[in-house]
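Each of the next two complexes has chain A plus one more chain, namely chain B in the first and chain C in the second.
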Partner chain A sequence: MRDVYNALVEIVGEEYVSFRKEELYFYARDPGLMPAHEPDYVVAPETTEEVQKIVKLANREKIPIVPMGAGMALTGLIIPLKGGIVIDMKRMRRILEVNEKARYAIVEGGTSQGALKSYLDRNYPNLRHSIPDAPPTVTIAANVVIHGQGRLTQQYGFNSDMVSGLEVVLPTGEICKIGSCSMSPSWFSKGPTLPDLSGLFLGWLGTTGIMTKVGLKLYPKKKMRDVELFVTDREDLIPEILFRLTHTEMVEDITAWFQPKPIIFQGNHHVTLYITGDTDEELEFKRKMVWDSVKEFRDNKDGGFMWILPAMKPTFLDMPQRSVTTFADVKKGGGFEYSGPIALIEKYPVLARKLVELGTKFKVAYSGMARVIGRSHAMMFGIAFTFNRADPDMMERVRKALHEGITFAFDQGGIPWKPTAEEQKMAMERMDPNTLKLMKMIKENLDPNGIMNPGNWEVN
Partner chain B sequence: MDRLKFDEHLCTTCQTSDCLVKCQFINLDRETAHREVMKIIKGGDSSVLRDCVTCYACEEYCQWGNHPFYLITERREEKGILTASRAITNQWINMCEPQGKYKVGEIKEKALSCCFIGDLRRLARGKLFEDVRSSYILGPEFFCEVVYLHFAKPSVIRERLPKVIENINQLGIEQLICMHDECYGSFTSLAPAYGIEVNFQPIHYFEYLFEKLRDLKSEIKPLNIKAAYQRPCSSRLSPDKYPFVKEIFGLIGVEMVNRKYQGENALCCGEVLRMVAGYEVANDIQRKNVEDMVQSGAEYGVFNCPYCQMALSEKVYKKGIKPIHIIDLCKMALGEE
Partner chain C sequence: MEFEEIVHRCFRCGYCKFTEDYHDFNCPPYLKFGLDTYAAGGRMWLINAWLNHGIETSKHYAEILYLCNTCGNCKEHCVFTFKEDLLNIFEAAKAELVEKGLVPPAVKDYLQGILVNGNPYKEPQHKRGRWAEGTDIQPFSGQEFLFYVGDVGSYDEPGKKMAGSVGTILPKAGLSIGILGSKEKCDGNDVKALGETGLFAKLAEENIRLFKEIGVKKIITLDPHAYNAFTKEYPKLGGKFKVWHYTQVLAMLIKGKKIPLPGYKVKVTYHDPCYLGRHNAIYNDPREVLRSIPGLILVEMNRNRKNSLCCGGGGGNFMTDVSGLGKDSSSRIRAREASETGAEFLAVACPICYKMLDEAVKEEGLEEKIKVKDIAEIVNQAILR
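On to the complex of A and B.
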């Protein structure tokens, strides 16, 4: 054990390696419901070469390694289920390049969403990226590795669709470039027109390699941004409402949500939609298109737009949404977890009804939120519960509610998003055997010693 | 349950049918207007029940004080005719439901009603309010309920308003300075129309301001500005208080510019109507309103209702007119921030 520690110290320096109990305690858990499990070491590299050396060491010694961003996925993806080394990427936080005209950025694997947003706001006010509604400390690499979504997902798809290149340290220690950057100094494509190898890493939850650099597409940032809130008491209308809104192609981000508290939101479903423009005329044109698209529902009184008072607007316009943290502490005690199956938008009504049923059945506080992915191509349906960490009984009820919720979502044809280890198993049980076989071939070839984030996507 | 006091005979013999003839949103000649009024009274299917945008103005147009708007609202609810969507209507009903989250100051015989609007408490500062600032009520338990006229839900008013009045009575308040037109209208127009007894004396804050400014006359530095006044929908429930605007302006050296849309012809801010009558109607009202302010040569756009101010501030500011609440304008004349 001392040999591994010394080897790690040699790679990154004593200051950035630890097996002290108090630090292992922290790295053993995330804010969700998964049981904690301590790593043996925590190490924080600063360069790709240091990552490479750590991986080579781990592969040689057959020690599990778990790459970690901010650890905010809530589903235990960075909990070292089999111990080993947690590689905390946060020191690799440099923004290496912004190509303004080609609208992409290259960032290191530990760069946070907040850092990129703030850098762009300061230096490239006409550019933005698809920031997720998560704490700003969450990292860009972790977000794309779990197929995260963000504020531009309705327009451009999953945030992983916006990747424009990768640098990855493979489980066997090779540093590999993926996309246009594999043969060009420019990071404008993650694959096309070459064979798209990015799929060997995106969505694999850190089980096939460690992203040390990410190329990310940037998008125009308009001068003005506003929010509208459409409200209906009929969840069965939400799919059609979303279909019509996305048809306008005028909206930046669309979420549909419902929650029983505070009382102002009780009994209704809300569609939050953001519009942007460089001029008043552009903004108002888009607003008119949006209003007109749901005129039928307004006319027959099935829905209407809420007056968002100026005092409420900053909350809605906040990026990322800080109000999520308010919900996370509704029950006091700071427990919050959600499953976010990806499903067809037509499933919103049944999933919404199921969530209400689960809240009642398990006596837990809930909130439901669907983020539209693409032009109504799919949605992430967040089955969210808040709980008191000091109340084991409440935590157990939330676990059961989540399990029943995700099972129901699978039965409805959904697939998991950032699944817990248990949800991964449930997903693999339902997967086409040949798909599983292909996953196994990929995994065994890339990670012959099974050191990468073991316990996740365990095809065997 | 209190019923609306409505005198059918007054409408039958009315020679003008001003309530509908003067309406800025429904275009009817006198004869048709009279016919529609009678249909409404008899519980018939009047087009007015669908077309009314809830601007409240007919309450002022009726020279008999016969509450045509309250009747329209009653009939709409009886027939299940919604103004806004069910979801928005229920949202407003839920939002203002008493939940024990009210605030009460050191209550004296005279108290300020800040309704359910925190901004009104913020406005009640400085010399003008130093005697009464600490004696205030704020929260859903004291909410005047008038807004449910917009949503054609008088049953909510009938149910909740007596409790609001009881809550005020229990505090021993004898004089209630209403910081919002709606509250004043609720206690002086709506409650009597439904036979709900009010045991305290409602005072419109315009009257209060006028008296205080007269007391502080020596400290006033005339502002020497031109201002357009934005009259809110709820002021239609107390049109007798409208002349105070000119009086107050006179005391603080503000020239009230002539507008096309003022006095009886005023247009509301349009924002609540957006939920009720839609985007087009609201935008049209706001466009006309702001253009009218610009045409009038006003330097300031003066608001009575905080919600009107929220709705129109940015729009008038973009046109070079400074938005300000009338209380802040008075404070300015007293050299306060």
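On to the complex of A and C.
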């Protein structure tokens, strides 16, 4: 044990390695509900070369390694299920390049969403990226590893679709470039027109390599941004409303949500939609298109646009939206967790009804939120429950509610997003056997010693 | 432990690590050590673990708690309703360690120095007023204002220089002002931050008694830490005085044309001290003083005002030096940031910041590019030109 510690100290320096109880305690858990499991070591490298050396050491010693960003998936993906070395990537946070005209950025593997946003705001005010509503500490690499979504997902798809190149330390220690950067100094494509190898890493939850650099597509940032809130008490209308809104191609981000508290939101379904423009004229044109698209529902008195109090607007326009995080303390207990199955938008009504049912059945506070992915191609339906971390009984009820919720979502044809180890097993049980066989072949070839975040996407 | 009903509510989301615009991490121990345990969320989760026997008291646990600079960045940027109690929670956790006698040796040494000698430098009391030699400032004997200097201003070289500058300007501006000299005692602000609440209460009560005995009604402090103690903590113990930081007084005197200011062509950047800025929201007065000097160009660092990066000296760390210097120490990061503005002077308004940043500039090898100067020192230089 001491030898591994000394070797890690040799690689990154004494200050950035620990096997002290305090670090092992903290890095054994995330803020969600998954059981804790301690790592043997925690290490915080600063360079790709240091990551490479750690991976080679882990191979030599057959020790598991778990790459970690901010650990905010809430589903235990950074909990070292089989011990080993947790590699905290957040010291690798440099923004290496922004290509303004080709609209992409290259960042190190521990760069946070917040830091990139701030950097672009200060230096490239015409550019933006698809920032998620998770806390700003979450890293860009971890977000694309879990196929995260963000503010531009309705327009451009999953955030992982916006990757424009990768540098990955493979499980065997080789440093590998993925995409145009494999043969060019430019990071404009993650694959096409070459064989798209990015799929070997995106969505694999850190089981196939460690991203040390990410190329990320940037998008035009308009000068003005506003929010509209459409409200209806009929969940069955939401799919059609979303279909019509996406048809306009005038909207930035679209989410549908419902929650029992505060009382002004009770019993209704809200569609938050954002419009942007460089001029008042552009903004008002888009607003008119949006309003016209749902005119029928307004005329039939099935819904309407809610006037947003000026005091409420900053909350809606906030990026990331802080109020998403404060949901954790609704019960004054500092916890929430959500499953986020990806499903067809037509499933919104049944999933919404199920969430309300789960809240009642398990006596837990809930919040439902669906983010539109693409032009109504799918949605992430967040089955979210808040809990009191000091109330084990409430935590157990939330676990049960989540389990029943995700099972229901699978039965409705959904697929998991950032699944817990248990949800991964449930998903694999439903997968085509040849798909599983292919996953196994890929993992065994990339990671012959099985050291990469073991316990995740583990095909038996 | 006090506040233990709140500790489990931290979500460890990390908003507390950042500046408001997420420009970079802004928690000094986290910047230095790079592991989440050193940030506010880490401390909260470890304190909760300690309360629930998930971890035991250890040298490392104590180090993590005492590395907190009490800079207040976490309190400023936390998104939860309990944010106001974050520093109180850390203080309460440290108080538990004090109670058990399990504080790091350097902290123990610091506290014992104050208990035995009345100051952490372990210097004799009669040396306290020596900084005033050569100035017109007199011992307090019923003047309108007491100029309270504090430990760092009394014993540390940068602090003494700073006290000398303020002590030169204020009497010349016609202010009726006196000092306590050898009667002055530690204000206790950092003693409290280190969790030694008993010693803090003793110091505060003694100071309050003395101030009342000799008729002090109005106090000007050199040190923002003392300003914080006098304005926020002493009133709870019956010590209600009118208190100003010296930069506020300078701003008023300049506005009232009591201080003549010839031109001084120099480029300056200003570092907000945590106990003046984030803790007490005094951001404008120091800047007004600098801007009032004709020819002086004030440039801001990226992190300023409520997003200012701490010098790393708060919470007693200027003496206990639990974190040490090193390229990722916040004082050195700050020195680099200041130099990047192209300023010739890095202006400070706190003797602890002066000490920390002066050392950091030297460590970074930036002495030829930028010099640390206290605001009063800059005003003095402007007057003398």
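In this section, the second predicted complex is superposed on the first by the 460 of 460 C-alpha atoms of A that agree within 3 Å, B and C clash if a C-alpha of one lies under 4 Å from a C-alpha of the other, contacts with A are read in each partner's own complex, and residues count from 1 in each chain.
The rule we apply is simple: a contact is a pair of C-beta atoms (placed from the backbone, for glycine too) under 8 Å apart; a residue touches a chain by one contact, two chains touch by 3 or more.
Because the structure is predicted, anything quoted here is derived from the model rather than measured.
J.: Could you check whether chain B and chain C clash or fit when both are placed on chain A?
T.: Once both complexes are aligned on chain A, chain B and chain C fit side by side.
J.: Kindly classify A:Asp3 by the partners it touches after superposition: chain B alone (first), chain C alone (second), both, or neither?
T.: Touch partners of A:Asp3: none, neither chain B nor chain C.
J.: Tell me the contact category for A:Thr137 with respect to chain B and chain C: first, second, both or neither.
T.: The second partner, chain C, only.
J.: In the superposed arrangement, does chain B or chain C reach more residues of chain A?
T.: With both complexes superposed on chain A, more residues of chain A are touched by C.
J.: Given the touch rule stated above, what does A:Asp88 touch, chain B (first), chain C (second), both, or neither?
T.: second
J.: Return first, second, both or neither, reflecting whether A:Gly114 touches chain B, chain C, both chains, or no partner chain.
T.: A:Gly114 sits against chain C, while chain B stays out of touch.
J.: With the two complexes superposed on chain A, say which partner A:Gln266 touches: chain B (first), chain C (second), both, or neither.
T.: In the superposition, A:Gln266 touches chain B alone.
J.: If we overlay the two complexes on their shared chain A, which of chain B and chain C does A:Gly335 touch? Say first, second, both or neither.
T.: Touch status of A:Gly335: second partner only.
J.: Touching A:Phe26 in the superposition: chain B (first), chain C (second), both, neither?
T.: Second partner only.
J.: For the overlay built on chain A, what is the smallest gap between any CA atom of chain B and any CA atom of chain C, in Å?
T.: Nearest C-alpha atoms of the two chains are 18 Å apart.
J.: Can you pull the chain A residues that chain B and chain C both touch?
T.: The overlap between the chain B and chain C interfaces on chain A is empty, containing no residue.
J.: Given the complex with chain A, which residues does chain C contribute to the contact?
T.: These residues of chain C touch chain A: 8-15, 17-19, 21-24, 32-37, 42, 45-46, 49, 54-56, 58, 60-61, 64, 79-82, 326.
J.: Which residues of chain A touch chain B in the complex?
T.: Going by the criterion above, the answer is residues 231-233, 263-269, 280, 287-288, 291, 297-298, 301-307, 309-310.
J.: For the complex, which residues does chain A have touching chain C?
T.: 15-16, 18, 20-23, 25-27, 31, 42, 44, 70-72, 88, 90-91, 112-115, 117-119, 121-122, 135-137, 322, 325-326, 328-329, 332-336, 388-390
J.: Which bits of chain B are touching chain A when the two form their complex?
T.: Residues of chain B touching chain A: 82, 84-88, 90-91, 94-95, 97, 99, 271-272, 274-275, 278-279, 307, 310, 313, 318.
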